[in-house]
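Consider the two complexes below, in which subunit A is the common component and subunit B and subunit C are the respective partners.
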Partner chain A sequence: MASEPYLYSAPALILIVTVMLVPLVIGISYAFRDMTLLDPFSGGFIGLDHFRAIAKDKTFWLALKNTVYWTGYSVALQFLFGLILALLLDKPFYGRGLAQALCFLPWAVPSFLSGLNWAMLFNPVVGPIPHWLYGLGLMSAPDNLLSSPTHAMWGPIIANVWWGIPFFAITLLAALQSIPRDLYEAAAIDGATPFQRFRSITLPFLAPTIAITVMLRTVWIANFADLIVVMTNGGPADRTQIVASYIFTQAFRRLDFGYASAIAMVLLALLLVYSMLIVLLRQTLLRER
Partner chain B sequence: MTRPKRLVATVAHRAAILCYVVFALFPLFWLLKVSVTPNDLLYSEGVRLWPSRTVFDHFDFVLRHSDFPLFFRNSMIVSLSTAFIVTILASLGGYAMSRFTFRGKFWIVGLMLLTQMFPLVMLIAPIFKILSPLGLTNSLSGLILVYVAFNVPFATFLMQSFFDGIPKDLEEAAMIDGATRFMAFRQIILPLTLPGMAATLGFVFTAAWSELLFALMLISGVDASTFPVGLLSFVSKFSVDFGQMMAAGVLALIPACLFFFFIQRYLVQGLTAGAVKG
Partner chain C sequence: MASIDITDVRKAYGAVKILHGVDLTIQDGEFVVLVGPSGCGKSTLLRMIAGLEDISAGEIKIGGKRVNELDPKDRDIAMVFQSYALYPHMTVAGNMSYSLRLRKTAKEKIAKAISGAAEKLSLTPLMERRPKALSGGQRQRVAMGRAIVRKPKAFLFDEPLSNLDARLREHMRGEIKKLHQDLGATSIYVTHDQIEAMTLADRIVAMNAGIVQQVGSPLDLYDRPANLFVAGFMGSPAMNMFEGVYRVANGGSVELAQGIVVPLAGPASTADGTKVTLGIRPEHVVVGKDLAGGLAAEIDLVEPTGFGTILHSRAFGRDVKAFSLERGLAERGDTVSVSFPVERIHLFDTASGSRIG
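== the complex of A and B ==
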């Protein structure tokens, strides 16, 4: 039967189209309309007014800068520590299964709970971290990092790194385990040092996985507002506001759906440009090889 | 390598692993510690690793005098229904993706990838506007509908990877013996993918159990609040009682951890197939 594959995939497709694509299109139309929830007379088309407002919105520009900072450090640190963990777990040792399960456990912790958990650790009243930082001389008094106007962003970043290391470790471990072992043996017989083996066998084999996970993860983390909403709600004074949490604030607290959708479109456009740049970069690199 | 050098390398390796384990577990240990610390010791023994006296008062309060059992029940209903519905839909869809080549398949895959790329916060306002006249805001069924749609694309890719691992000859043999394809699918292929379906169930359950932003937007009453919404309103409503908050946190952690140990074996395959989801 020719219609069979369509029958099998129809229920999933119908849901995706009605609950994701239709709202996406409607959301795009909101960006050009005056749309607030509590005002029954709103809904008229206002052209590009929202986008003009965004261009002048200082909070938006701050949030954009914060998004780059938050995404850059989160991805870099998650990747670095995830790679080290994957390399450590790739070696067989007694108790590896248990160690692996325990190291991956943060991934299972619901994101809102990781946020609350870390907010508590940073709290000087019940958490140990301010006292440790004070003891190490990194802080002049045991204060809450999350209310620091200069370093507050590191609170959500650390929570995000804790939560996201397992993701990179799992994907990289899967890639590591697919590298043929005899390559390493041959290299060792030829007298290659461990570092040389890492550079000329491990890295080239991992490169495709690294490229794709880093790219997808960057997009995902740039959109990931949960930790910030839970831990700081964008504060103090929007210092930890990223674009995704700013969209949520506009829609959820101010109920300004039009403006929220306009910002979302800008974010979407920026992410598309980013993805395209990465794809182009990858192709040029592959061609040069 | 010489023997002492090898010994040093082994010790360094185990020490590094230990660092990771401690880093991964410490926040959860602190969560547990605060949840069993009596209030009078919470502030005086703030940085001690374990309180000099432990009590279960916070758990008692949370379980008997708060709305958390209701939130827990709501979250269970939402997460389990989402997980079961998604697993069924994704098994059907994944089977089609794995076994057939058909017109429009390329576009369907592209569409599903697209849904994994754009910021979901973008959908918060329109979904609220669509669901509200249908009476689906402030209701568990509305939340289930939204969660099912969000999780279906990833779950379909995951199920497809499991079906790809099963040889095609199996159902072809059954069809030569006169079975319809659906019979072959149901009686031969599905039983073989049960572990894969269990993994999908676990992934989707965890995702639905953790979802916060859409639940915050779509639910405003206590009756339909899920656990994350209840916990956050608990934080903002009262002067924060850390003990009770963390006792509630431990409750939220239990199902997530159970499902984690259940799906742990499939993590590598799952995250590689989806590659996008956290």
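== the complex of A and C ==
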């Protein structure tokens, strides 16, 4: 029977289709329909109306700008500190095993818990950070950073950096440890200073890993609304609203699933384009080896 | 070019002692091979000369200048690694010129140096390739090229041929020897392969357990091993060793198992009744029929090597190996007569291991 192989794979295929493809298609279809949960007469096809609305939606554009800001600084700082941590942990020292375990601990903390913790730390009533910043002269009064109209985004960014450093540290450390030691020795004999060794051996070896981890983290962080929802809920006045949290607000606060779905599609398209670029970059880097 | 002086150099990792005081002087332009089994400290000594390992005690001088505190780059040495350690993202030319570029050498000078080295090592057509597109032998040559463009005071080789197959190893051995004859550079070469040591060295340093066992020309070590370790390590198939007791009677002889007495060429410098070990190389064991003073031996294994034949036999309850260029000397199960020519016998004190005759 020619269809026999298909029958064997049918259970898996049916499962994938029902739990993944069907919801995906329905979700995409929402973007083109008027779907408001509290309106029993909604559900009609409205074409590209949602997308036209997005184009004129000031909050969306602000959220998009905030997303770039949030993602850019979070990834850059996570990467920088993750790399420094990985380089430190790569050198043998007494108690390295314990230090490694401790450094990777934040990764194990649920994101919303770490968000709540940081929100408390930033709160001048219970937390020390505003008083330290005031003491250092960085703030004119011990106010809550999270309610600052200009710098509120730095609250979730700092929490995110703390939480995400271990990811970079782990992956970069693994990549570092795969670099043959005798390359460094050969370079030391050839006359390379530690910085020259870093530049001409460590970086080229790390480049493909850097490309893939930065891409993964960028996509995750751009979609990562937990910390923002927990810490600021997008406020004050949408100053910390990113696209992902805006989608959350639209869908589950205003219950406008159609509009939320349309925004999600825009975000998906942007991230797809970005990922393609990084994949191309990584392949160029790997070919160079 | 420079001489290298090593004075009472020691290495310890915490309580674990790796080198127990090495003294060695390497003349300008000499090719010295450090040989010994794994873990004997030969690579550690080489890495200490290179500056890749700290010197726990003692002094190393290169060209008369103390280098203990100098970084590898300031010692003006070049090293060829077992893994070659080529920079994978640089071309052959990039690998070879890296050290010169770091020293900010003029472009024309670099081009001249690397094209000269490439010529010498027949790498010219490969200059724009990356290491992954090269065969093992080619990589090995690039590693050597990288070393020679620098014109360093000394070359250090850390088992450079171990990753090559047997035929290529033999070929590269020849290349290295020719290169040394060409350049006349002071070279220190680490290997566990005694054939490499014998063929390449001006002088061999045999090491075991962190102690230098013997220093001398290859044939010195082969013909007059200073102790049981060197006797057993150099030569393949390995030297026959029989434990026995020294007897002063009859101008010196050794009493082996089952009351067998082997005469010596002359009296040894030890007392009657001392436990000694008699050594004789397989190629010096004479195999025949009814030899005068021969010992009866039963052949239990015949190994033809093409070049010659290794005969494994059993005599006076001991294994006796013989190597002969003649073929068809004996078959398995034959009873033959073996004898040990007196002038070929090495005698060692069993307790101390030192040569006594």
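Keep in mind that, in the parts below, the second predicted complex is superposed on the first by the 261 of 289 C-alpha atoms of A that agree within 3 Å, B and C clash if a C-alpha of one lies under 4 Å from a C-alpha of the other, contacts with A are read in each partner's own complex, and residues count from 1 in each chain.
The rule is short, and it goes like this: a residue touches a chain if its C-beta (ideal position, glycine included) is under 8 Å from a C-beta of that chain, and two chains touch if they have at least 3 such contacts.
Worth saying up front: this structure is predicted, and the values here are computed from it rather than measured.
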item	value
Partners on subunit A (subunit B, subunit C) - clash or fit	fit
Contacts of A:P180 with subunit B and subunit C, given as first, second, both or neither	second
Three-chain overlay, vertex subunit A: subunit B-subunit C angle, C-alpha, nearest 10 degrees	80
Which superposed partner A:W61 touches (first subunit B, second subunit C, both, neither)	neither
Partner chain(s) touched by A:D190 [first = subunit B, second = subunit C, both, neither]	second
Which of subunit B and subunit C A:S200 touches, first, second, both or neither	second
Minimal inter-chain CA distance - subunit C and subunit B, angstrom	6
Subunit A contact footprint on subunit B (complex, rising order)	13-14, 16-17, 20-21, 23-25, 27-28, 30-31, 34, 42-43, 46-47, 89-90, 92-93, 95-97, 99-100, 102, 105, 108, 111-112, 115, 117-130, 145-146, 148-150, 152-153, 156, 181, 206, 209-210, 212-213, 216-217, 228, 231-232, 235, 242, 245-246, 249, 252-253, 256-257, 259-261, 264, 267-269, 271-272, 275-278
Subunit B partner contacts - residues on subunit A that touch it in the complex	1-2, 4-6, 8-9, 11-13, 15-16, 18-24, 26-27, 30, 35, 37, 84-85, 88-89, 91, 93, 99, 101-114, 116-118, 120-121, 123-128, 131, 162, 164-167, 170-171, 173-174, 212-213, 216, 219-220, 222-226, 229-230, 244, 247-248, 251-252, 257, 260-261, 264-265, 267-268, 271, 275
Residues of subunit A touching subunit C in the complex	180, 182-183, 185-192, 196, 200-201, 204-205, 288-289
Touching residues (chain side subunit C, partner subunit A) in the complex	50-52, 71-73, 77-79, 81-83, 85, 87-90, 98-99, 102-103, 130, 132, 146, 150
